[in-house]
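What follows is a set of structures to go through.
Here chain A shows up in two complexes: once beside chain B, once beside chain C.
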Partner chain A sequence: MALPISNKKALLEWKLYLFILPSLLLVLTFAYYPAISAIYHSFFRWSGGDAKEFIGLENFRMALSDGVFWSSFVTIGILVIANLFKMIPPILTAVLIHRLKSDVSQYWYRVLLVLPMIVPSLVTLFIWKFFFDPNFGILNNVLNITGIKTLLVHIDKFFHWGVIHEGVPIAWLGEPGLIIPSLIIWGFPWIGAVGVLIFLAGLQSIGTEVYEAAELDGVNSFQKFLYIELPLIMTQVRLNMILMMIGTLQGFGLQFLLLGETGGAGGRGMVPGLWMFNRGFIAGEFGYACALGLFLFVFILILTWINNRYVRVEK
Partner chain B sequence: MTRERLMNIVGLVLLLGCFVASLGRILMTRFSSGEDGKQIVTIRIAHWQLEGGIRAAFDAIAAEYMKIHPNVRVVQIPIPERIYGNWAVTQLVGGTAPDIVAIGKGTNDERLSRFFEPLTYMMEKPNPYNVGTPLEGVPLRSTFFDGGEGGYNPALFEYFGIPISAFTIRVYYNADLLRKVTGSGQIPQTFEEFIGVFDKVREYNKKTGDNLLPVAGSKYNGPMLMDRLFASQTQKRMAEIFPPFYPNPTSVTMLRAIANEDFSMDSPEVRSGVELMLEIAKNMQPGFFQLLRDDAMFYFVQGRALAIASGSWDSTSIRQQAPFPLAIGPIPLPTQATPRFGANVLGQISEAGTNAGVQLGLTRSSKHPEIAKDFLFFIASEPMQKLWTEVSGWLPAVTVPPSGDAAAFTPIEDGYLAGVSLRHFGDADMNRVLDSNFYILTSPDGGVDAFIDVLRKDVPDAMRADLVRANRNHLVNTRRTDTLLGAAAWLSLTNTGDQDLATKFDLIIQSSSANDRSYNQSSDLLKKLKP
Partner chain C sequence: MSESAVTKMPRIKESRDGRDWTKHLLILAILALEFLPFYMMLQISVKDNQTFLTNTWLPSPPNTWLWSNYAHAIGLILPYVANTVVVAVTSTLAGLALALCGAYFFARYRMPFSGILWSALLVLMLLPGVANIVPLFALLKSFDLLNTLWALILLGITGAQVFSIFVFRNFIEEIPRDLFEAAEIDGASHFQQLINVVIPMSGPIIGTLAILQFLGNWNDFLMPLIVLRDPELFTLGVGLIYLDGEYIKQWGQIMAAFFIASVPLIIIFLFTMKLFVRGLSSGALKG
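Up next, the complex of A and B:
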């Protein structure tokens, strides 16, 4: 940690501040200027060019009565909850790697985890899109070969879902009732490399004396996880949770690539970010899209605050 | 010297070497000179036509131009279609746009007037590169088969694009499979034959155990077929509502028809159109609306589908990728004699109204506008249009008969005016309603009635939202012409003897009045249709 210096000394060494000037300028230009510009344009009827008309709070009023926008929060809510559960596999994987006795094995598992990061995320998305192909996709083929499809048809009939039919390939991205499950299935088994590495870093900072003491007390493997490892990586869990929430709420790349700009069949995959994109780039209502963005910003801010306030980390 | 220090020096030398090489390349490009010692000028063309053969065609024409203009280098910048609009806007706003930019994506009226040079005066001049051809001395506008209409912007009273191609929609068949399935290999000529071929595919599948698809569909290709078929069902009604020749259908036209209760989602034409859409959709793969253009193409070129509907722009790509011979034909539409779908049709749709496409615009930020204009003349000349067709397989924009592979796409002139498809009823919101709810039509639990119920419920609001937006943009464009009108009025008053000016003034007044009329009509309709 940097040592505190007096204000007088800080002013005397003003030249040192020039070093942070380039970074500051870049942050102001590329992070703050667009954000301020979005706030400014949200008060205008603006289609992206230089002609705009000041309309006060009209865009915000429209957003409040925009059914598609608010229903998109239901979809995103489900995805956030699903993503919370999707944090479990990376934690378990990190614990398993951490508990490997051999350092060499640990190293190779880490390498194996990092390697897929080389593949651009766009490619991964397209591969998944192909998995979901109703006729030639791997998912439907596996379900057919294993006979799970027949089971699913019976379950569908029992619950009257009406989404999986006998003799018809499952349209994972073409049937509204299957869109959210497909978005959740995406990325299975949900072992994200970044998440695992963050948790692993947390686990490696746990001293060996803690494990030794636990072993003397006769603690079993599961208890070790529950009473030692999990509480001690809660800082990382909280960090991942915040990043996940912001990423899920802001993101729309997955929905856009898998379902298109209308959110797929029945608009069931519509999320706030995608609706913002749709209004801006498809309908040409950039001013309104900026207003939607501000609503989203406030929503993320509130969630982040709740996260910081209520997800406690035991020091 | 330590190993670490040595590696640092090697790294630094490599970095500096790369920097110097890059700098040298840029300086050489910028200050290089031709054989006569004059500096070489670079003209850049941006477009989104990444289909097979197009980049080669641009290169071939550029090479011809550079042969006769050794001090000019023509460079093309192909940008993927998906991001072209955003890319173009960024370049235009940033003042870094290439000299010539293909217009149509990211270039609305406002941007056209702000960032592009009007090319009307070019259209009036004969193309100097047509000397010695049958088009010698003909004004550029009249050398295009559509009279240059595709490049004219009625809201801005100017031509902004020089077209270089044209497109039609066709059905591509896998000729080998067509022979196996039908025995004859004949392309279906009538609607009944068209549907009959698909039935034969199902019989063929039963016999052989294959899983051959009749038509490869996707969110991109499916509507090409279904919209054209739906439009056939509205031909007669459109001719009744807007006699004797109805205009190009727009959302305003259709909203007017709905407001006057001439047309509704309960009209028998809509029902038969939707039934026809379903008839075709049944022959595409289940859930095809979740698939993209590339997915459908993949099905077809892999020999998993007998046919695919697409534009002439895909012909070269398909030829390059398909390991089988192609048979290409128009979409066979129902005729009045067709038992189930003949009641509402007039007949095969004429493509005589096809406009020339791939409009190339000249940006105001071009550093060499005169050379860029000269190149535009060159690319639109008869010899270069022939070369364009030969290399790309795409249709030419000028009045030369298409040859080779492009001949199959020649617009069919005989026939009747097209009707309207559901997409003609609006814009962004209408498309959203259609795309989001299409699954209802093909779902085992849905069908025609369920789909029409949704249309009845959602279409009026979507149309209204689209019209409000269109009206707003229209108003902005109309206001923009106020200055022009004022100037023209002033000049016509002060130069009373100038006949040309008086004519131009009349034209501007007429166009502006048409704009005003259209705006007022739309506003009245919106009042009438207030929710």
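Up next, the complex of A and C:
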């Protein structure tokens, strides 16, 4: 903890304020000022220049009746739920590695997990875009070779989706009905090295004697997971979950890079952040974009609050 | 009860050993999938489209490798890589230096207003950056910073402040106070204490944060996309987007460009792998 200090001594140590000054100035200019400016400009019709016209709550009224904006929240909701499930593979991988008896192999698997990070995530994203390519992409190739394609065609016929056809390459990013599935499949098997390493750090606090005692009691490996391992990494799981939710809600890089600024065919990949970006930088309605950003901010704030209030973890 | 436990013991031990093999296999399968994009990138980068269509999965024999893909890709992407290195290195170094100073302020004494300033910083973690983009664009425009690398560097430094200060503060507070007091008796100023006490003791954490920061800058495409107009100034983020839009035909060249875009990260990782694995595994970033 920082040492308490009397006001008199603090006066003598005034130079310490110089240490925080640069950070403070930067944060005020490039984080606080834009935030306040966003609130201010959401009451204006503004296209980024000096000219603006005060229109009161008109932007907010427009946002509330904006069909695209509302449906973008449905899309992002689906993606958040999918991302919740995508947290399972990293947890299981961490547990798998942790349960290995040999420390040497634990170490090497950890190193191997980190290695793929040498590919910039941006590049990984583009490689996945290539995987989705109907003719060249390897996703269709795999589905053809394994015969899953035929299965998918039958399922498609059964449910009358009309998105996957015999003899025609699957247009992952071109077919409106397949855009959300593509956004979910992306990144399979969904294991980020950072996540796994953080979970592993939490697991390290379990001693071998705990396992031995559990085995004497005839605890099976699923129970071990449920009663020993999961509780120990709950803090990390919760933290990851909050960060993931905030990240997913405000992120739109994935949708932008895979589908473009219109959200792909039929705008099915449109998410709130992308719509805000689209209104601001494509349509030039900066004031309206600010109002959309505020809606998003309030929404994220409420979710964070709910998270803090209800997703509690006993220490 | 104890009887059955004793008789069961050896069998359980055996089955645990046995199960380790399935675990190894599972982990290896997961790793193989994780490496798949990297592998595909490498092996496609020396093929042309025709070879790729006839032989999708296996590398082509070395004597047929198309090095011209790389020659072409280097011309396309090297300027972007150079710009990105300038932005990422500058903003990582400056960002962490300022964050260390800021964290020192919070960690040494409970100065007047430090509580308020601390909350003011932490609130920014909740603030979605996305809502700021539009006014930020207008602000950069009024500073005449649009279409400059300076804009990206300044934003990079700012972006480093909150999280790094948060981590550094916890770290500096763990340093034994005697060390600071001893330095003070020797007449060391706060700045000297930062250089001679804090920095030597926080090597691993500085390294880990630097890598994370660098990775973040390396992968950023949103701000470059909004800020940069001249192709000579493009960083990788924008450059790759343009490449992806223009070259629909030759996948080999694109993959070669992707690989070149990864090379600086590969070099950094070769030197810092241990540090990175240790930094993350120690739970320093648990939060």
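The rule is short, and it goes like this: the second predicted complex is superposed on the first by the 285 of 315 C-alpha atoms of A that agree within 3 Å, B and C clash if a C-alpha of one lies under 4 Å from a C-alpha of the other, contacts with A are read in each partner's own complex, and residues count from 1 in each chain.
Assume a residue touches a chain if its C-beta (ideal position, glycine included) is under 8 Å from a C-beta of that chain, and two chains touch if they have at least 3 such contacts.
Keep in mind the model is a prediction, meaning the values are calculated, not measured.
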Joint occupancy of chain A by chain B and chain C, clash or fit: clash
Which of chain B and chain C A:Leu296 touches, first, second, both or neither: second
Partner chain in contact with A:Phe281 - chain B first, chain C second, else both or neither: both
Chain B versus chain C as contact partner of A:Leu173, first or second or both or neither: first
Touching partner for A:Ile127 - first (chain B), second (chain C), both, neither: second
First (chain B), second (chain C), both or neither touched by A:Leu259: first
First, second, both or neither for A:Ile233, with chain B first and chain C second: neither
Partner chain in contact with A:Pro116 - chain B first, chain C second, else both or neither: second
Which of chain B and chain C A:Gly48 touches, first, second, both or neither: both
Larger contact residue set on chain A - chain B or chain C: C
Which superposed partner A:His165 touches (first chain B, second chain C, both, neither): first
Chain C collision site on chain B, chosen from 4-12, 22-30, 76-84 or 148-156, when both complexes are overlaid on chain A: 76-84
Where chain A meets both chain C and chain B, residue numbers: 48, 136, 281
Chain B residues within the chain A interface of the complex: 85-86, 89, 108, 110-111, 114, 211, 213, 219, 285-291, 295, 299, 304, 427-429, 431-432, 435-439, 443-445, 469, 472-473, 476
Contacting residues of chain A [partner chain B, same complex]: 45, 47-51, 132-136, 162, 165, 168-169, 171-176, 259-260, 262-267, 278, 281-285
Complex interface listing, chain A residues touching chain C: 1-5, 7, 9-10, 13, 15-17, 19-20, 22-24, 26-27, 29-35, 37-38, 41, 48, 89, 93, 96-97, 99-102, 105, 107, 109-124, 126-131, 136, 138, 141, 188-189, 191, 194, 197-198, 200-202, 204, 215-216, 218, 221, 235-236, 239, 246, 249-253, 256-257, 273, 276-277, 280-281, 286, 289-290, 293-294, 296-297, 300-301, 304
Contact set on chain C toward chain A in their complex: 5, 8-9, 12, 16-17, 19-20, 23-24, 26-27, 30-31, 33-35, 37-38, 40-41, 49, 52-53, 56-57, 98-99, 101-102, 104-112, 114, 117, 120-121, 124, 126-139, 141, 154-155, 157-158, 161-162, 165, 173, 177, 189-190, 194, 215, 218-219, 221-222, 226, 236-237, 240-241, 244, 251, 254-255, 258, 261-262, 265-266, 269, 273, 276-277, 280-283, 285-287
